[in-house]
Amino acid sequence: MLSALLIMSGIAVLLGAVLGYAAIRFRVEGNPLVEKIDAILPQTQCGQCNYPGCKPYATAIAAGEADINRCPPGGEEGIQKLADLLGVEFKPFGGDTNAPKPKSVAFIDENTCIGCTLCIQACPVDAIAGAAKQMHTIISRECTGCELCVAPCPVDCISMQVIEEKISNWKWKYPVFALTPVKQ
Amino acid sequence: MVKAAFHTAINVLFFTVIGTTLLGVTYLQTKAPIERSEQEAKLKLISQLVPRQDFDNDILADGLSLTPDPLLGSSAASTSYRARKNGQPVAVVLEAIAPDGYSGRISLIIAIKADGTLGGVRVIEHKETPGLGDYIDIAKSDWITGFNDKALLPGKDDDWHVRKDGGQFDYMAGATITPRAVIKATHKVLQYFALHKDTLFAAAATEPKQEAKK
Amino acid sequence: MTYQEVKDIFYNGLWKQNTGLVQLLGLCPILAVSSSVVNAVSLGLATALVMTIASATISPIRSAVPNEARIPVFILIIAVLVTVIQYAMNAYVHALYLVLGIFIPLITTNCIVLARIEAFASKQPPFQSAIDGLAMGLGLTAVLAVLGGMREVFGHGTLLSGIDMVFGASAKAWVVTIVPDYHGFLLAILPPGAFITLGLLIAGKNYMSMRAAANEKKRIIPIASAA
Amino acid sequence: MEVSRFRADTREAVTDNMTTPYKFHGGVHPPANKAQSTRTAIAQMPLPAKLVIPFHQHVGNTAKPLVVAGDHVLKGQLIGLPEDGISSAIHASTSGTITEIGMQVVAHASGLPDLCATLVPDGKDEWIQREGINFRTSLNADVRQVLRLAGVVGLGGGVFPSDMKLRVGKHKVKTLVINGAECEPYITCDDMLMRERAGEIVKGAEIMRWALEADRILIGIEDNKPEAIASMQLAAAASNDDIRVVAVPTIYPGGGAKQLIRVLTGIEVAAGVRSTDKGVQCFNVATAQSIYRAVAFGEPLVSRIVTVTGNVQRAQNLEVLIGTPVSDVVAYAGALPDTDSYIMGGPMMGLPLPNAGVSIVKAANCIIAASPKLFPPAPPAMPCIRCTRCAEVCPAELQPQDLYWFAKSKEFGKAQEYNLFDCIECGACSYVCPSSIPLVQYYRFAKSEIWAREADKTSSDAARERFEFRESRIEREKQEKAEKLAAKEKAAAEAKLQAAKLAAEQAAASPDATMPAISTPAVAPPANDAQAKIQAAIEHAKLQAAAVKPKNTEQLTPQQLAEIADIELRRARIQELAGTDVETKE
Amino acid sequence: MRKHSHPISAFFSPFISKSDSVSAIMLKVILALIPGIALYVWYFGPAILVSITLASITALATEAAMLKLRNRPIAPFLKDNSALLTAWLLALSIPPLAPWWLIVVGTAFCIAVAKHLYGGLGNNPFNPAMIGYAVLIVSFPVQMTQWISPQGMGGFELSFMQQLQYIFSGILPDGIKLDAITMATPLDTLKTQLHLAHPVSEILTQPIFGQLAGHGSEMVAGGFMIGGLYLLATRIISWHLPVAYLGTLFAIAGIFHLVDPAHYVEPLFHWFSGAAMLGAFFILTDPISSPTTHKGKLIFAAGAGLITYLIRVYGAFPDGMAFSTLLMNICVPLIDAYTQPKVFGKKEKQA
Amino acid sequence: MSEYLMILLGAVLVNNIVLVKILGLCPFMGVSKKLETAIGMGAATAFVLTLASGASYLIDHYLLAPNGLGYLATLSFIVVIAGIVQFTEMYIKKTSPTLYQVLGIYLPLITTNCAVLGVPLLIAQNQLQYTLLKSLWFGFGNAVGFTLIMVLFAGIRERMEGADIPAVFKGSAIAMVTAGLMSLAFMGFSGLVK
């Protein structure tokens, strides 16, 4: 019994010392996971995930506080990528998140705009150009479609327009198999 | 830093000491029942070969360590147990190994009565093909009981083969390697017994660790 | 703690987060000792016991353990519990002890034990933790029992063989022969059979969950898209 | 076997010493079906009643329209100006009136409309004034500018602006390859062109050789076109340049630029590598001819030779004005009644036309009238059985079955790893696939998805950058504000020491005035009255304007500035048109 | 116009094609089995035809049932002949006199589990027929070792009716024992006898051995080889697999034989016994479960050859064809991934 | 020499720790979705397993057995394993931050890998009568066996990503079946090492 205690104590003390040392010597700093998650998020910065932007959402996922299925702009594909990265199962959008919408850009009705600059302040990616009292315009190439500028406009001159399919952005479709009966 | 390490060490130490103590206590508490269970298990096995009513000694205490012998197929020392009634030898239980099973060694225990007939054979461990070669296992078939009461008869060595090879033992079609191995091993043990009969029964029940003379 | 909470924990452990079918933890014993119902259930119960006690023990002391020593201390406690159970089994159900062999000490590294402690017991009060440990352990036992039953019936055509190891020789009569004169589909007893049968079980669970989900949504999900 | 036939043929065909015969991996031998359309000489297609000329007929940016509806144009008049970067010019194919500039369905796989000019001919076919230049006394850049404004693009199917391909790069171009292989079944436009206008082709090749400063010219022609080979040899012999006509084995896709270069020179040009970096450049024979016409006569590309074949009564080659409706062309050749669709290009790589109303474009080397009998629909696709027949015929030496597997399951990263972008979409794999899998479709799908994703990625990276920049800017401003505030307070405190209470109050109020109004509109607009509402908002905005300085106008790119200017201009014009009554526009 | 209302239509380039269909390819492979089967019938009686029939029926029924369960169209897949081919190969690898349920269980298992759980034709990582064989031999070793003796060599030759009766009811004609109609196969006999420490030269004098390997079975193997050569000639299989497999087997067996002829038979014995020929031309060549690159095929088949030899000589099973195929099947994805050929223009050396 | 070869072949092929001995299945199932992580996990486990075999042999042979303290086997082994895992984590973090990033989340899981405790326990049961060197070698063999199977399995799983697997079998169910068929194939090696 005594020898048992001695031996185990010896092992334990050694182990404890190693662990204690390790804890200080090799403290984890920063979380590289956040960057990886953030790289997957679409950077629309829309806040539909209930976090103030993509990075905070990424941080929350990394900390295990948020589910991976809360970003509508990322679509199911985004969820799949997050699931792959984190080694968890794919899950469909939760009931309370907005359904993913087709990609759109904001459009300012130039004749109504009063140049109030409120939308400029709302846009998270500086995609609206214009000076005070002058008409504002959306740089559509830089607009992420987050809709954050729509609400603040006092004259309701901003509308979201679905990006329509043109020859320049047309994509080849997935070939359909005649073999598989499509069950509805 | 050293302090933190120290703190962790103390913590682990604390739980280790408690755990070890608990284990020590458990060990002491279960030591006796475990020994009893083990002996019971052994006895149960032996009594399949030598009926309990046939002996009256403490058979497990009457052990004899045997040096390795080609006839036993063993490469390490093994123990034999002697059954006696009223001090008279009744039977000896030997461990043996059939090295040439289909997929490896087959461990056997073999009881030989004092008169040289087999009390019985049991397979303790084998790796033969399930469903084909494993009929030597009493749990699968009673083929192994075919050895009961067989003995070495002068000039009848040819009997110690499967029927296919001209012997007296049955086999299952499609798997003869396994029975051949078991029969051969048993045959050899009987030969060992014939050679060492006296030493096997000689020693008194007092000293189980005593070596058999060669 | 309300009745509903307890119910939820049990539902979680037995079905929704089932260790063998969903979390895929604790697979080694599930696959290795499920060749008969008796082996399976025995080990399952032993594991459940360890989980219950371990969860209940660790929950109150969790704050006393420094973070970097967490896993070693937890696993140390588990190891002690397991060894105690191992010796008890050796003493009182010796035959079973021999059959289960190395898988008894290996309860220590059964992933689900530590996983539950990390995920649940180290965050919840003792009673809840104990219930969770029990529920998870019973979930494991349930999978083991079903798997053991399936493999035994497929493989040997019997059920409950080896029951005498637990309840003594008289229990031999309890063995049920499902298919008399069965040829024995050995594959089911062998390791490949273990994997494949568990695969089928998981698929079965998926099927039921999908059916339930489909019923909920009141529409049929197309099975899969393209060929 | 291939090699030996190659040798035998080339020995006949090549006058001077031969280039080493190389082979490329794979390839298939589909039935040629070329005899039908080579029976008659190239004919001139009569003027159609209406031409629809797309502004985007080439690789690169859409040309910028220079005309508006109602304008009268002459044949060869520039109606589309090349945009910056890769682009090319568009011309009126005949004289007449532009009746519309608008979106019309064009010959594109999407079946979507694109910007086109509709031209109703006046029947005079009156050329605009034009004149050639002497290239030998010009600068390379000038010649290329001529080609750019003449709208010369690759007529081998690639429609890449030819002037871009004639730039002299870092690497010396040793060999100029002229592609007369015409490996696709059915198509004979190059064959007929070589038979009838070999001299112009060779002259065009001389211009290109000069521009590229290449050492020699190799003209590769498949050995199933002996007449073309003979005619080209004759023309080549008349040239002073080092020109060799080489008969190459007939195998599809031997006319692919990479394959032909490999066969003629042994050089392999990998995907993503410019062939000029390897010392070769490749042009189609028809391109050569149109370069000659553009340089020597100032003639822009307003027509091309089109093979009309398939389910028609009179399969033949026609010289067709760009913009002629396909329906006119097939009607001229006499489409048979069971024709149910039209293919632009050959049966291996061609494009099914969305309808017969689309017009002939510069890429249209062939129009095949298709009937279910001629091109029976493919049997339903079965799963891939990994038989690797596709890999055996793939000229790019890919593993099409793997690419298919990844494309099918949308594992695009893997597909790229397996060199998806090396696929030249030749269709040889689909041609031999026993499971009848539309392999090329899968590759096209995967490629366009990957492109789209890359675009998404770039824009999301840009968005992140801008977002982070904005965050840091706001942070900085906050800090500055706080500092200012602190300074003011300090000042106020000092003032208090010296001056009266009133003065102190004034000092305390002043920071409010300089604060940007981030809060919601404080002025409640009068209900129901839009005019008043806006008026109020304007008032409000005016209030803010004093404090707010636009925060993101400093770092705009020139493009963005141009865009804004553009919009301002339009706004001004709209306001001009509609008066100041902006609201009524609603 | 043809279905152009939507941008996606089934009508896309290439518009022409020249190809066998999948079912034609499978049919040709089935036909190529016929010489071997004919010789099989000649030497071992028509029982094999019964197993083939049973296997075919089971395979088609299982295939149809699984397709139905998976909600896939049934007709095109039933007509692709792949299930039939699997069935034939499985039937050829189990003892023809095995009870009827054996082949039924084996076929149903391999079609349902090894093929359809993975998504059916084209998706299975393992060779279905060999999965069937492996399942049967580990589950029913007794039944799987009752090989028929060639031309009544065991003492009695069953008539067709008697064979049928035995397969379906397990009843033998009066007075005939199982031993009289079955015997260990050549490979098995060799193994047993070597186990009993007889030298090769002595073992091979037993009547069940013929010129090269087993009496009769060597001819059957020859028949499969002829069928295999037909497949090679028609380019349905590539040479890499059979050549690498037989070559490796020959080389290893040759080395062992040269070193110790008393314990190791000559290489040709290995070629013409067991399933080596069948395997080299029909089993390893299963396109779906073998690598697609040339180098990969060589590695795959050489590995299979090596493992076959090891199992035959040292392992617990008399023949290693099935297990070596399955073991190499496991490696296929990695082999494929690491043997990707360099593509056009990206080779190290340029001409 | 040939004995060592047999130990290695036995551990890697014939008695493969995962497919035949059925140990270490949780990481086998959990971390085999991607080839890259499977390789990393395999390598890290291999390292710990080999070291643990040697260390526990030493403990068992020199500390426990002479003092009749067999009942401390599980406890002492697992404590040592936990220590080695921590050490490995430390070491990797220090020497190769990139590898650490790949493996980071999996490293602690090694502690609860049955194989890592199972192999030392097998050695301690002493049926094999190994020396220190052989124990290390045996541990290494099992480590190689584990890694090999992980990698091959991950290869198959990656390929199956594109397969048309019935919905109910997608994911872990078909992975189980695959593991079963692999295990079936590995039965072919039985008997190779007697």
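Residue numbering begins at 1 within each chain, and the chains themselves are lettered A, B, C, D, E and F in the order written.
Keep in mind that, in the parts below, a contact is a pair of C-beta atoms (placed from the backbone, for glycine too) under 8 Å apart; a residue touches a chain by one contact, two chains touch by 3 or more.
Predicted model only: the values in this text are computed from it and were never measured.
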item: Reaching chain C from chain A through chains that touch each other, fewest steps; value: 1
item: Core chain by centroid distance, with centroids computed from Cα atoms only; value: F
item: Centroid comparison with chain D (C-alpha atoms), farthest chain; value: B
item: Chain pair with more C-beta contacts, E-F versus C-E; value: E-F
item: Length of the line joining the C-alpha centres of chain D and chain F, rounded to whole Å; value: 56
item: Approximate Å spacing (C-alpha centroids) for the pair chain D, chain E; value: 53
item: Approximate Å spacing (C-alpha centroids) for the pair chain B, chain D; value: 86
item: Rounded Å distance between chain A and chain F, as computed from the means of their C-alpha atoms; value: 38
item: For chain B, residues contacting two or more additional chains; value: 4, 7-8, 11-12, 15-16, 19-20, 23-24, 26-27, 102-103, 130-131
item: Where chain C touches two or more other chains at once, by residue number; value: 66, 68-69, 72, 76, 79-80, 83, 87, 184, 186-187, 190, 192, 196, 222-224, 226-227
item: Sites on chain A at which at least two other chains make contact; value: 4, 8, 11-12, 15-16, 19-20, 22-23, 25, 170, 173-180, 183
item: Chain E-touching residues of chain D, taken from the complex the two chains share; value: 22, 24-25, 28, 30-31, 109-112, 185, 258, 262, 266-271, 273, 340-341, 343, 345, 347-352, 354-356, 370, 375, 377-380, 382-389, 391, 395-399, 401-402, 418-419, 422, 427, 430-436, 438, 440-441
item: In the complex, chain B residues that touch chain E; value: 100, 102-103, 129-132, 172-177, 180
item: Sites on chain A touched by chain F in the complex; value: 3-4, 7-8, 11-12, 14-15, 18-19, 22, 25-26, 32, 84, 87, 89
item: Sites on chain D touched by chain A in the complex; value: 56, 106, 108-110, 112, 114, 380-382, 438, 441-442, 444-445, 447-449, 452, 456, 459-464, 466-467, 469-470, 516, 518, 520-521, 525, 533-534, 537-538, 540-542, 544-545, 548-553, 556, 560, 563-564, 567-568, 570-571, 574-575, 582-583, 585-586
item: Touch list for chain B against partner chain F, complex; value: 16, 19-20, 23-24, 26-27, 102-105
